[in-house]
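Let me give you the structure first, and then I'll get to my questions.
Read from first to last, the chains carry the letters A, B and C; within each, the first residue is number 1.
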């Protein structure tokens, strides 16, 4: 590096340091003048407000750290479910777009063009105020078999409480999964060495029944069903899915699915035509050729842009603040920020959370990408 | 040669940065006088307190207070601009100087007075938190709200007070908190919530925006104290005095029977209190840095407290709120202004 | 025996292969499962079109001056609501008498933009300087007023489509130069510059736009010295510009990476320094290559402008939502009509831009080959 470059770098650094120093001086001055507290001590203070959806126990006496965790869990819940639904729908649409059936292909195209070009916030509000408007009030809720109720307060579903002894069922379940993995490994090894294909459903079924019976013998039936019932204003008991969650999940899934569909389409089109012809020459039907030959190869092209769509979905879940879904932006960078007033610390924490989520998702997808990459191809 | 030019440019940039003053003058009155109008922070649309009509003209009790301050400083109530602010950004806007004062139906609480770098200069409306429910439910008391869903505004004292109230009475609730008041009202309107909770005066105001106002009732119980008042930045006592005494002038005027219609005639009154109020005696205005007949201008353009109350939220308006605790102390209410002397 | 052999005249192709029926057999009814799919799809389509037709046209109201126009028994869309509020949707609370200024800005912007988008028209450099330099200044002066005898109009009065376009266009115009600098910095040999650029890009790409807007509207005043304050629109513009410049930097980086090394070497052989090479040789080629990427970023930005309603600005969606609270138009269909209208406006803009992006992509791929 030449002396000139070194000098320029030092100057840039000096400028940046001076700039940041000036900003920090301003901030310190402003905070001091306005008597605003600083530091992260507020995390230990009592929150004092209620949250409409909490995946873990929470009441108003808990501190703001609990609020942060609950917001984070809500964000993760809607993001993970959104990724799953969007991927499924997106794949179906992408494949449908390439279907030989003209009607299916055109319908998929219309769906993609509509849902891609309308802003996500608009879609979220449409579903929320559209869903809200049309569902009946709890007193006239739609009744499904007397165990499930649909109203504008959400879906009231039956839930299961685990009593003492349910642990043995958990252990049994883990044992069944371990057995399944072991049996599958054995079957693969057998196939690779001898060429014999062995189905392992029968032994797996026998083992599962045996384990469950054992657990039942030990613990009885330690489950209790909670059926929701209308008491007063709302349904109590059971599990309740709030309409804000449904609207957000629906909008995120439908919106991101349109983008995933285009990525899947580009991925499938990128597979050489020769692969399809070879599969046809082998006598594979169109659908089997697609699922066994084309799509596995197209995954290499699909995964990188798919990763960025997953990241976008996670970030877009922050729009929950517009419809009162208690995600991290809504309860932490919304209510807590207004109550406590320490904007810098709170927004810093919120941004760090999203950055870490982005990094984790990228890392996980990159590992999957590396596994399916062609050896020798970069 | 080029190297020298680069070094010179960089150092010039650095020096310029350090020359920018870190603190500007701390004198709101000077700034306002120089600018030529008062910048007032108001709500995003609350009938009776601060609400724009179709042409963009603002009306309301808080609006009238801002106009009174403008009249005190400039002699006319026209020199004021209104900035609608959400609950989240109202204090930041005041702290940063985007507005000179906040008249945004803000509750005076200790935390806000001490930890946010702002000062409350009085109470222009004594209020309390209440609940609005559908009339058809047949509810008459807030104690019957066990298990209800509540719609409210995100990050307000309302959220905390409701939580405290329900806990104290061992009742369950579901809190649905929206960023904007309009969204909360809309959700209540479509039946997402059983009750809408905010300051009682705002309940009456928001009821007007519902599809069928008559189908909703405001429950009589008040669950908290909500003294609403104007807010200014901490550290600028002179400006704080002007805002405080603008409100007090309107109260004193009502006490002495001075209205916008008789203020001219009252100029020739022999009552020494009236003379002091209208600036014919003493130099009270000059002590605050404004003209001595500041109160005269206020009453002439905006009126006294009774007039602004009746005009905006009184019994002849759609809100129809009685004076109640906002009556003068003489009439059994809480509005009590120190004397002008 | 005739001298040349005449083949028999060709018979027409079987009816089940040609014509409409042939096409349908091939594309709609090829296999039994296809037939089933087609029937289900056709049924769903018929149902969907029926609902939309009824809602938008057959059961809709088209004229009226308040909510009574939209309270029929079987009510579709409430178009009079859109009609009554149309001015507000396009201009916000901009004073009636001054709306000609907004119209003038729209017109000149359109007139300046169209030649820029058509590859065949020349004078590109002058056009770019006009659109990126002169037009923003002109628009700013026109819209805010206060000079040249124009009545000042506060940014709090701007609303609707005006704010959407202002935020989107300012975002793009500001993020282009910033994005170029960031992309160049990211590829720089100087490690400090490179680290700073990478840090900036990764941070702004990793956080949601709403947190950047919150940061801009709530935190920015704390970063500035006392007395200096930007109004709300300006703060949002700063947040949006910083956010989109990170995405723009990645798009431009893709273009820079695609320039063959030979270009750099040839320019160096000619004796050009770093900035000359970048400005005269590399950037023109790189930018031209990533025009589809830039347009796609713009489409994303255009849709993201709706987020400013969360921080209190009234863009198109925000102002439509605001007018839902107008009691004189409160009907069950008002909300849906408003949302559909806003969705339609956004859809028209975004669809047109995406078509343009595809057009440019096709054009460029044929160019290079």
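As a working rule, a contact is a pair of C-beta atoms (placed from the backbone, for glycine too) under 8 Å apart; a residue touches a chain by one contact, two chains touch by 3 or more.
Keep in mind that what you see is a predicted model, and the values were worked out from it rather than measured.
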item	value
Chain pair with the higher count of C-beta pairs in contact (A-B, B-C)	A-B
From chain B, the most remote chain by mean C-alpha position	A
Distance from the mean Cα position of chain C to that of chain A, given in whole angstrom	27
For chain B paired with chain C, centre-to-centre distance based on mean C-alpha positions, whole Å	40
Cα-centroid distance, chain A relative to chain B, in whole angstrom	43
Multi-chain contact residues (two or more partners), chain C	218, 221-222, 224-226, 310, 321
Chain B residues counted as touching two or more neighbouring chains	20, 22-23, 88, 92, 95, 179, 183, 186
Residues of chain A whose C-beta touches two or more other chains	8, 26, 29-30, 33, 129, 133, 321-322, 337, 343
Chain A contact footprint on chain B (complex, rising order)	3, 6-7, 10, 13-14, 17-18, 20, 22-23, 87-88, 91-92, 95, 114-118, 145-149, 154-156, 159-160, 162-164, 166-167, 172-179, 183, 186-187, 190-192, 194, 233-235
Chain C to chain A touching residues, read off their complex	27-28, 30, 34, 37-38, 41-42, 44-45, 189-193, 196, 202-203, 205-211, 214-215, 218-219, 221-226, 299, 303-307, 309-310, 317, 321, 332, 335-336, 339, 342-343, 346-347, 350-351, 354
Chain B contact footprint on chain A (complex, rising order)	4, 7-8, 11, 14-15, 18-19, 22, 25-26, 29-30, 33-37, 48-52, 59-60, 129, 132-133, 137, 152-153, 231-234, 236, 243-244, 321-324, 326, 330, 334-335, 337-339, 341, 343
Interfacial residue positions of chain C with respect to chain B in the complex	93, 95, 154, 156-157, 217-218, 221-222, 224-229, 231-232, 310-312, 321-322, 324-325, 327, 330-331
Touching residues on chain A, where the partner in the complex is chain C	1, 5, 8-9, 12-13, 16, 23, 26-27, 29-31, 33, 100-104, 107, 113-114, 116-123, 125-126, 129-130, 133, 311, 315-316, 318-319, 321-322, 329, 333, 337, 343-344, 347, 350-351, 354-355, 358-359
